[in-house]
Every structure is written in structure tokens, then in C-alpha cells.
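Residue numbering begins at 1 within each chain, and the chains themselves are lettered A, B, C and D in the order written.
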Amino acid sequence: MTGSVEEFLTARRGTGRPLLVPYVTAGVTPDWTNIVRAYADAGADAVELGFPFSDPMLDGVTIQEAAGRAIAAGTTVRGILDEVATLDAGVPLIAMTYSNLVVQRSVAEFCAALAASGLRGLIVPDSPLEEAGELADAAADAGLDLVLLAAPSSSRARLREIAERSRGFVYALTRMGTTGERGEISEGAARLGRELKELTDRPVLFGFGVSSPARAAELAGHADGVVVASALMRRLLDGARPRELGAYVASLRRALDQGAR
Amino acid sequence: MTGSVEEFLTARRGTGRPLLVPYVTAGVTPDWTNIVRAYADAGADAVELGFPFSDPMLDGVTIQEAAGRAIAAGTTVRGILDEVATLDAGVPLIAMTYSNLVVQRSVAEFCAALAASGLRGLIVPDSPLEEAGELADAAADAGLDLVLLAAPSSSRARLREIAERSRGFVYALTRMGTTGERGEISEGAARLGRELKELTDRPVLFGFGVSSPARAAELAGHADGVVVASALMRRLLDGARPRELGAYVASLRRALDQGAR
Amino acid sequence: MGEMSWSGRQGVAVPPGARAMGDPGATGRFGGYGGRYVPESLIPACHEIEAAFRAAWGDPEFRGRLDTLLRVYAGRPTPLTPAWRLSRELGITLLLKREDLVHTGSHKINNVVGQALLAHRMGKERLLAETGAGQHGVATATAAALLGLKATVFMGERDIERQELNVLRMNVLGAEVVPVTTGSRTLKDACNEAMRHWVSSVDDSYYCVGSVMGPHPYPWMVREFQRVIGEEARAQCAAELPVGVPDYVVACVGGGSNAAGTFAGFAGTTARLVGVEAEGGAAATFGRAGVLHGFRSLVLQDEHGQVREAHSVAAGLDYPGIGPEHAHLRDGGRARYETVNDDEVVKALLRLARTEGIVAALESSHAVAWVIRAAGSGEIAPGSTVMLTLSGRGDKDIASIKELL
Amino acid sequence: MGEMSWSGRQGVAVPPGARAMGDPGATGRFGGYGGRYVPESLIPACHEIEAAFRAAWGDPEFRGRLDTLLRVYAGRPTPLTPAWRLSRELGITLLLKREDLVHTGSHKINNVVGQALLAHRMGKERLLAETGAGQHGVATATAAALLGLKATVFMGERDIERQELNVLRMNVLGAEVVPVTTGSRTLKDACNEAMRHWVSSVDDSYYCVGSVMGPHPYPWMVREFQRVIGEEARAQCAAELPVGVPDYVVACVGGGSNAAGTFAGFAGTTARLVGVEAEGGAAATFGRAGVLHGFRSLVLQDEHGQVREAHSVAAGLDYPGIGPEHAHLRDGGRARYETVNDDEVVKALLRLARTEGIVAALESSHAVAWVIRAAGSGEIAPGSTVMLTLSGRGDKDIASIKELL
């Protein structure tokens, strides 16, 4: 697999099918890399890889718990990168983590290490536009796509800037809240998707609260696809094996494909 | 028995023997009047009768407990007086109680009731010189001797006034403290006895902490006799019957008489 | 908030005002009440204290020292806070004199700093005190630490259980807390025990009485040390209120020290003075004349003259007597005394907490409860101004009202 | 007492002084620290708050209201109390800025009254807050009650156990206390949870941050609301001290709000500024640069960037970060940061209680412990003058130090 996240996703979008990006917390189980492979095999267009952090401010209980498990199991950035280096999933891998892990040495070093291991993108939810400048440069230098988040509360002016400065895709939050399955998709989600689509040609993906195949299909109708995290991680915490998680991703894939028809 | 406490005690003193005034809390047992009789039979020169009060500020634990028992058993001033009226002990009975019981209706009424029941004297430890004026008049009118207390802390001028205004005898406190057997007899006791004896011809009796026959004899050497309370009440609370209390008074009597020889 | 105007001009100098509550003279009599009903052994000490207090009170250096300590150490003057939201709900103007804000959390410190300075001046080494709610004990332990004196505090076993926090505070401050196991095991018995101990240690110990009670000069002296509450409040009202004087001046009454200090500042004005007692300890309402703890006053007692145990949710009001001057003010009609029950008190505490963010002591909440009731019934006319002394903060009571939430 | 002269001229007007700790501008940067590291969802709220604060802070009516509330409601100015006996023992002049005397018992109220007024002005209905020791939670519940707002307070389960009294106080004040069961179950996790809740309720809820932390404008705004401590103290020192300025200005540091407010008053003077952290939560000493709870600063973390749990006997100092401005002051050498251990702290609490009759909070006792150590070692030269901010009272800690007596 070559090319940037954005090139890859844009190409996939071109096939007319909504994009699907499932999430896994790196290190949450010893065989987590198998989960990545299972996602890819089940039709994921990219995989979001959570680098666990002790204080995940924007995560709900499910992903908090997954991160807690991974940290307790000794997961480190270095360890994840070593495993990623040997993992060829066939789709782009996008790191998602919090600023504190990114700034440890320097953002340039962090981005370079990610790229060297084969990661193609980066999401840092507590690094909004005004703090992302240096990071965006470092990511660009390393050849990583820095994905920015857009929220229902963002003004049109901010959305314009986010759409312009985001790389890979634009991560549209379905609602005001943390990750997690509970809570309604805000009415603003459709509006947010529409506005972003007006503002940019980049892929726009919805994330947060995509709790079922039906919900995924519905949301994909307002944008280019979805990111699914807590619904998968809850199943994993409840004991699901990579194969079962893959099957769930496949069911999401089917729902998206049918919804798009 | 006729005459005032003072006449009675002065006459007894004339026989050359130290005076002995044992104490009992009225109502502490159903047969408390037998204790009074046993005291008299054992050689008491007068008996101090405690009218129990809920808040006996100048009493130590032993007499507090005796008072508590008596009150719990339903003892009232009226009830005590009714029993006293039928009790001819052959020696003067002196009431000892706190101001609150004395002022209930009027001090005149209280004194008259005491006298009517045959009591001859009254001790009110929380009624010092400056508060005793009205009470002294009422007692005099009723024919009761109002006994005043003198303390080691009293100035010579106060002692003079106390000695002058006390009736029956002068109650000299052996020490600064409450009733009770514990605690040393203060060095000032001898001085206090001496000073009072210089100031008055009235009998001077020591009270507080007269905890043994030996102590009684020693103290009597500095004055005209002793009041013994806690040592008796402790025995009573420990289960002693009137006969045994009488025997203890007899032992005090013997010690005093021997000490005087 | 904000509907009621409030300039915030506080802490103004106290004007020398009408001193209607005056010197009770050598006999310490307030009408027929007061006096010095203590054993002869204590009479010299009472004389000595009276003489020392008269000298100190007339000595500008002593007054200056006391004043400095009250300001620089204890945090006076305390503000007069409008109860903005509760006032609106009740249709009156309710002003709170914030004794809850002084060091140690109640008005007791005003008195104790004064007495401790006096004891120090008299060369005493130890302070003795009785305590009910523990506030006076904490204040005494505090002043003892400040002046390098020892402190021994007598406290009923029942109060020790109810006010554990304050017991621990006294321990932390280095004071010895002596549990009193006699009688009702509350304040009344702690007073007896403190008196007994005082008799035997009067040479080096000073008995620091916690309210306007005890033998002369205590009721007078404690009122004088608490007068600062009323004088500050009077000056603050003068500066803040259109008419200068409130219609009502209200305070809770246990022994009656916060009320006496408050009333002293307003006795010479047109304000109606109201003392509020706990229903289960309402000596002014249900008491008869008697003698307890060294003074003559109204006392809760049975028909035979045995003193009753008081019962109140507020340990500091669990006292069967009332300061002698209050009995006198009642007889003369200058002040009136009302009662409220435990239930009203707890409700009042919660209501003030939730309308004003002020958690008052259960004792102080008695005054609040009466104002709520009287404003509700129209007894306090709509539009009236009420100055209420909030004698202390409720932290000490939180554990005991927990179950009632 | 009395060897040290003290005129008692307190509460003087605060002079407009050198404002060395200034406005961090639109980006909220203190050198390399600070910023606004929050999810995009919260950015509009942060902008809105910054704009509202800038407008309010420049609005005399808002300032007047805040000033009135601080004085008439919260009990400001607080006195500057000479620690007479401890000073003599240590051979220095130790002055205590008495934040323990303000309403609710700690400096937290200064900030909260300010933020609550701001939230009210912004039309918000609810205050959200995190709390460690519970003091900030109590202050928030208090201000919410005062202004008729709702309050939801997030508190770690471990702190709920340690500071039960404060939980009950919040309940009495009508606030909802939400136990936080994640992570170390202390302040850090309560912050995370408050942030998460804020994201989902940002329309009607205002996040009332409890220290100089969080995204811009909080660290700056909270310091400005706490500046009153330093400015009062500065004016009081000017009025009382021969040289006008103390040699040392010392405060404990959890997030760092009482220290920041104190330092702000003295930054433009020659005083040496010392922040004292708990050994087990000493981000300024043992931390590395990182990003936590929305700001960049020094953070206790392992080699991999996972944030460590702080450990201190003082719940309010159990925080693995430090306000960004402190990190900047440290880097620039304008302030230094020291650590003391739990044992020294408990000893210091008892020593102050027994020499001055002041039971300080465990948090505040950190500052006292350092002064005792530094005066003992000669690091603070004999004869020096030390101004120490006593951030709060120790009543909340009494139960937890019980075993240590």
C-alpha cells in the first residue's frame, strides 16, 4: 500500500461506497494486530489505532477501559510502533492519541517515528486548530496526514479553516460529547456533514456514537463514511475475538453498502 | 431534745469530747431514717441531712451518686420533711442543700417548713455571705441555725464576718475542693481552724475529706470536731446497712475521744 | 441577587452608643437575677476576677490589645450580609451578622480572647472551660495556644459523641478534653464539673465561662466581651439602612451570650429584640426562677426544684438555664423570647444553605427558623428589616444532620 | 504574644501596583506553557468565556459587584496575622495571610464567586466543577446557591472517602456530587470527568475550574480572581512592615491558585517567591513538560508519557500537574518551588495549632512546613520576614489526621 491516507480514501470513495474506518486500542489484547487484520479483511478502508493514554479526556467509559487495559499490560508508543512495523494490513493505519504522548520528545520526532513504522495518519483530539500549527508542519514533513476534528459547535468560519487544514479526511463529530455508544446523534450532525461537504472535497467521516450498522448507514448518507470505535471496543471488552470483531465490521460494511444503494 | 443546734453543740463541747456530725443523703435508701438513728446511737452530736439536688456543685462523685439515687427513687423535700417529722433522733438534724431548693417558693416558707418538721439547722454551700442575707433572716425567724462555710481561701476579714454571722457552728473546709475522700487535707486547714477559734466561741467543725478515724482525730485537734460525709456515703453505696454505718460512726467516735485524751 | 442594594461600606468605626445594658454593680444583679451563688471557696476568686476585669476594661492598653487581636487574629469586623434570596422569598429584608466567619467559627472567640487576655494579665497558667457544642471549648483551646496557656475543657459524654469534630480540634490544639459522665452528660453537667475542678485549682487556673452565666462578674463580663457583635452590627445598620435601625434584632439563646452581645448594641434603639430558644431548652418560656451554676435566673426544673435536662438538636442550646440579664430583659419587656422545634431548625438550616450558600450552626438556625415562621405568619410585617446574628457555622453539625437530609 | 508590634491597621485600600504577572494574550501562553489543548467541541465555549471575562473584568459594574460580594458575603479583606509565638521560636517574623477565615474556609471562594458571577452574566444555568479536597466543590456549591444556579461537582471516590465532611457540606448546599471511579480516583480523574461532562453540556453549563489550570482563559482568569490575596497582603505588609515588603512570600501549590494569586501581588517587588508542593505531587520539581487537562505545563509522568498518580496526605495537592504560569515562573527563576513530605506537614499543622491556635488545612501546612524547615536550617536567614498564605482551615482534615495524633 502506498500513497497518503487522503489519496487512498479519496480513491476508495471514488468507487461509490461509503468509507468505513474501524478503531482498535493498540495493546488492548496481546493479539490486537490480528484485530487490525480482521478489520481490513472485513472491508475497512482504513484503521484507526488508539495509542492508549492515562487521561483520555474525550473518551467515554468503553475506550477509557480499553486504554486502561492496554497501559496495564505495558503498552508503550515504542512497543506499538515495533508491532506496527511488521503489520501490513493493506489499508492505511491512522494513529489516534492525546497531545501528551505527541509532545514527549518533540512533535517532529514523534511524527517521524510514526511514519517510519508505516503509519500514515494522526488524530490528536486535544489539539485543536490553534495548537496544531507545529504539529501540522511536523506531520507534513514526516508524510503523515494530520486529521482535524470538526464539531457541531464549530462556527462556519472555523469549519472552513478545519476543512482546509485537515489532511486525510475531516473527522466530523456527530454530537457534543465523548466517544461512546450512548447518547443521541445530534440534530446538528446532518447540518455539519452538509456544511463540510460544501466546504471541501476531502472525505468527511462521522465519528462518535456510531453504535450500529443502521446508524452507520444513516450517518453515511450525510457524508462520506464513518469511524466506529466504542461499538467495537465494547464487544472486545465483552470477550469478542478478532474473528468476531471482523464479522461485526463486515456487518457494518454491508449496511453501508446497502444504505448507499 | 430542745434548744438550738448551737446550744446543743456548745453544751456537748463542754463535756470535753470533740464533736462528731455524720452525714446522710435523705432518701438514698428506703430505710435512711434508720441510718440517722444509728448515727445518733453511735455517738453523733448532730446529723447532717443532705436534701438531694440534681446539680450538686460542691459535691464529689460519692455524694453526687447518693443524691442521684435518692432523686431517682422519688425523693422530694416534702417527702423528706414528712419522714423527719416522725423521727426523734435525740440529736439536732441539720439540713444541707443547694440554693435552688431553698428558693423554690420563698426562703421564708422553706425555713418554716424545715423548722416545722423538727430540723434545727441549715447549710447551703452555694449561698455565701453576700447572698445569705435574706436567708439568714428567714432562718432566724423560723428558729433554724444557718451554718456558714469558711474556706482556706477566705481572707481574715471574711472569716471574721463568717464567724460572726454563722449560727450553730462554723463549717471550716479542710481544703479547696469538693466533698470526697480523695485529695490531701490542705496545710491551711490547721491555720483556718486556729484563726476561726481566735475569732469566735462558736463551735468550729472541719468538713471535707475526713476519710478515716485517724484523720478525724487529727483534724479535731485544730478545732472542735468534724463533719464526715463521703466516707460514710461510700460505704453505703458499697452496700453497708444502717448497723454497719453506725459501727463506723462509733469507730470515729472512739478515735475522736482517744485523740482528745 | 442584586435586587437589594448594598454599598458594601462595612467595617466602619463603632460609635460610642447608648449603653442601655449597663454595669450590674458590685452585687452583679440584673433586677432580681444574677448574683454570686458559689461556695465560699470561690468567692475570693470571683472578687479577684471582678477587680481585674474592671481594671482591664478601663485600661486603654488592654482594650487596644483586645481590639488588635479581634481584628488581626480573629478576623473582625465580621460583615453584615444581606440574605438576598431568602429576603425576597420572605418579603422582608434579612441581614445576617456573620459571626460564622470569625476564627474558630463562632462568636465564642470574642469572649474567649477577652477572658484569656485577662487570665494572662492575672498571671494564671491554665484555662478551664465547660463546653456544649464544643465551640467554646475550641475557642478556649485556641486562645490558650495563642497565649501559651494550658487548657482543660469539660464536655458531656453525649456532646462528645455529637460533636466529635470539635473534640478532635481541641486535641489538635493541645487542650485536654475531660469527658463528663454525670447527669444528662451534656452542657449542664459539664458546668458542674468545671466548677468543681475550679474550686480545687483556683490558684493557678482561670475559669473561662462560655456564656452570660456563672457567678458575677461573668454574666456581665461575657456580655461586655460580646458587645462587639452588637456595636458593629449597629454601626453597619446605620451605614447601610435607610432608617438606620432594623425593626427586629434576633439571636439564638443558649446561655445567651451572642444574644446579649447583640442586644447590647441595640438596647438603646427602637429595635424589637427577640431571643430564640430551643423548644426543649426554653428557660425563658418554660422556666421558673431558681439558682444554678452560681446565678439566679429562670431555670427549667420540675415542681420539686430538680433541674431538668434540656433536649435540643443543637448541643449549644442544650442548657436548662438562661443568662440572668435575659431573665431581666424578659421581665421588663425589653426583649421577648420565642421557641422553635428541632424540625423547624433543620429545615431552616437547609433553606438558608440553599438560598444563600451559608451553612449556619444548628444553634444559629434557631434564629433563622423563627424569622421564617414569623415572616410567614405575618407576625413580622412584610417589608420589615430584620438583623439576625448568625452566631456560628454549621460544619460541626454536618455529621449529625446527615441522616436528616 | 505582644513582643512583636502590630498596629492592626488592616483592610486598607489596595494600591494599583506593578502587575508583573500580566495578560497572557489571546493564545493564553506563559512562555511555552498554557494554551488551549481541548477538543474542538469546547473551543467555542473557551472563546466565549474569554470574551465574557475580558468584558466583565473591564466593566466597573462587574468589578463592583464582585468586590461587594467578596467583602459583604465572603468576609474580605482577610487579616494578616503575625504568628507571634512561632516567629519567636523560629527567629523570624512570620505573617499569615488568613484565607482560612473567608467564607467556606479557603481561598477557593475568591475564584468561585468571580466565576459564578461570570456564569450568571453569561446566562448559564449550571456550574460544573472538579474537586480534590472538596474545598473548591464546597465553594462552587456555595456560589451556586447564592446566585440561584445548579451545581454538579465531580470528585474522586478516594477523595470522597478522605473528605467526607465536605461531601456532606455540598449535599447540604444542594449540589450534586458525582463520584469518579476511574484512574487514581482523585483530583486528576475528577478533572477528566468534569471535562467530559462539560463537552456534553456546554450550552447551559459553565465549567468552574478550581485552580490556575485548564484551557485558556482559565489559568489567567483564576489567577486574576485570586489576585486579591496578593494585593491585600501587599498593602497590609506595606502598612505594617518597616521595609514594606517581606523577604519571602510563600504559598502551597496544588494546581497553584492560591500561590498564583499571592505571587501576583508581589511579583513586582523584591520578595522571593516560594511555592511549596507535596513531595508526592511535585510537578515543578519532578515533572516534565507535557499536556494535561487542556494546558501545557510540567506534569508528573512516566518515561512513556503516562501521567502518574500524585500522592499526598493533602487531597488538594494530589495533582500531578502545576498551573502553566508556575512552570513559566520557575523557568524564569522568578519563583522557586520546594517540596515537603507528609510527615513534616502533619508536624507543622500541629505546631502551628499549638503555638498560634490556628488549625490550618493540610494543604496550607505544606507552606508552614517548608518555612519551619528553612528557618531551622538557616536557609531563611534569622530576622527575615516571611509572608505566608494560609490558604484554608483544617477542619476538613481533622478526621483524617486523627490517627496521627
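As a working rule, contacts are C-beta pairs under 8 Å (C-beta built on N, C-alpha and C of every residue); 3 or more make two chains touch, one makes a residue touch a chain.
Composition by chain, UniProt nomenclature: A, B = Tryptophan synthase alpha chain; C, D = Tryptophan synthase beta chain.
The structure presented is a predicted model; accordingly, all values stated were derived computationally and were not measured.
Removing chain C from consideration leaves the other chains connected by touching in the groups A, D | B. Computed from the mean C-alpha positions, the centre of chain A lies at a distance of 38 Å from the centre of chain D.
If each chain is reduced to the centroid of its CA atoms, chain A and chain B end up 96 Å from each other. Chain C has its Cα centroid 66 Å from the Cα centroid of chain A. Multi-chain contact residues of chain C (touching two or more other chains): none found. Taken as a graph of touching chains, this assembly forms an open line, each chain in contact only with its neighbours along the path.
Here the chains touching each other pair up as A-D, B-C, C-D.
Contacts from chain C toward chain B in the complex involve residues 27, 35-45, 182-183, 188-189, 192, 195-196, 199-203, 289-294, 296, 299, 301, 304-307. Put simply, chain B touches chain C in their complex at residues 53-61, 64, 68, 71, 76-78, 98-101, 103-104, 125-131, 148-155, 158, 162, 173, 175-178, 183. Chain contact summary for the complex, chain D toward chain C: residues 1-2, 6-8, 10-11, 65, 67-68, 71-73, 75, 78-82, 84-85, 98, 100-103, 105, 141-148, 165, 168-169, 171-174, 349-350, 353-359, 394-395, 398-399, 401-402, 405.
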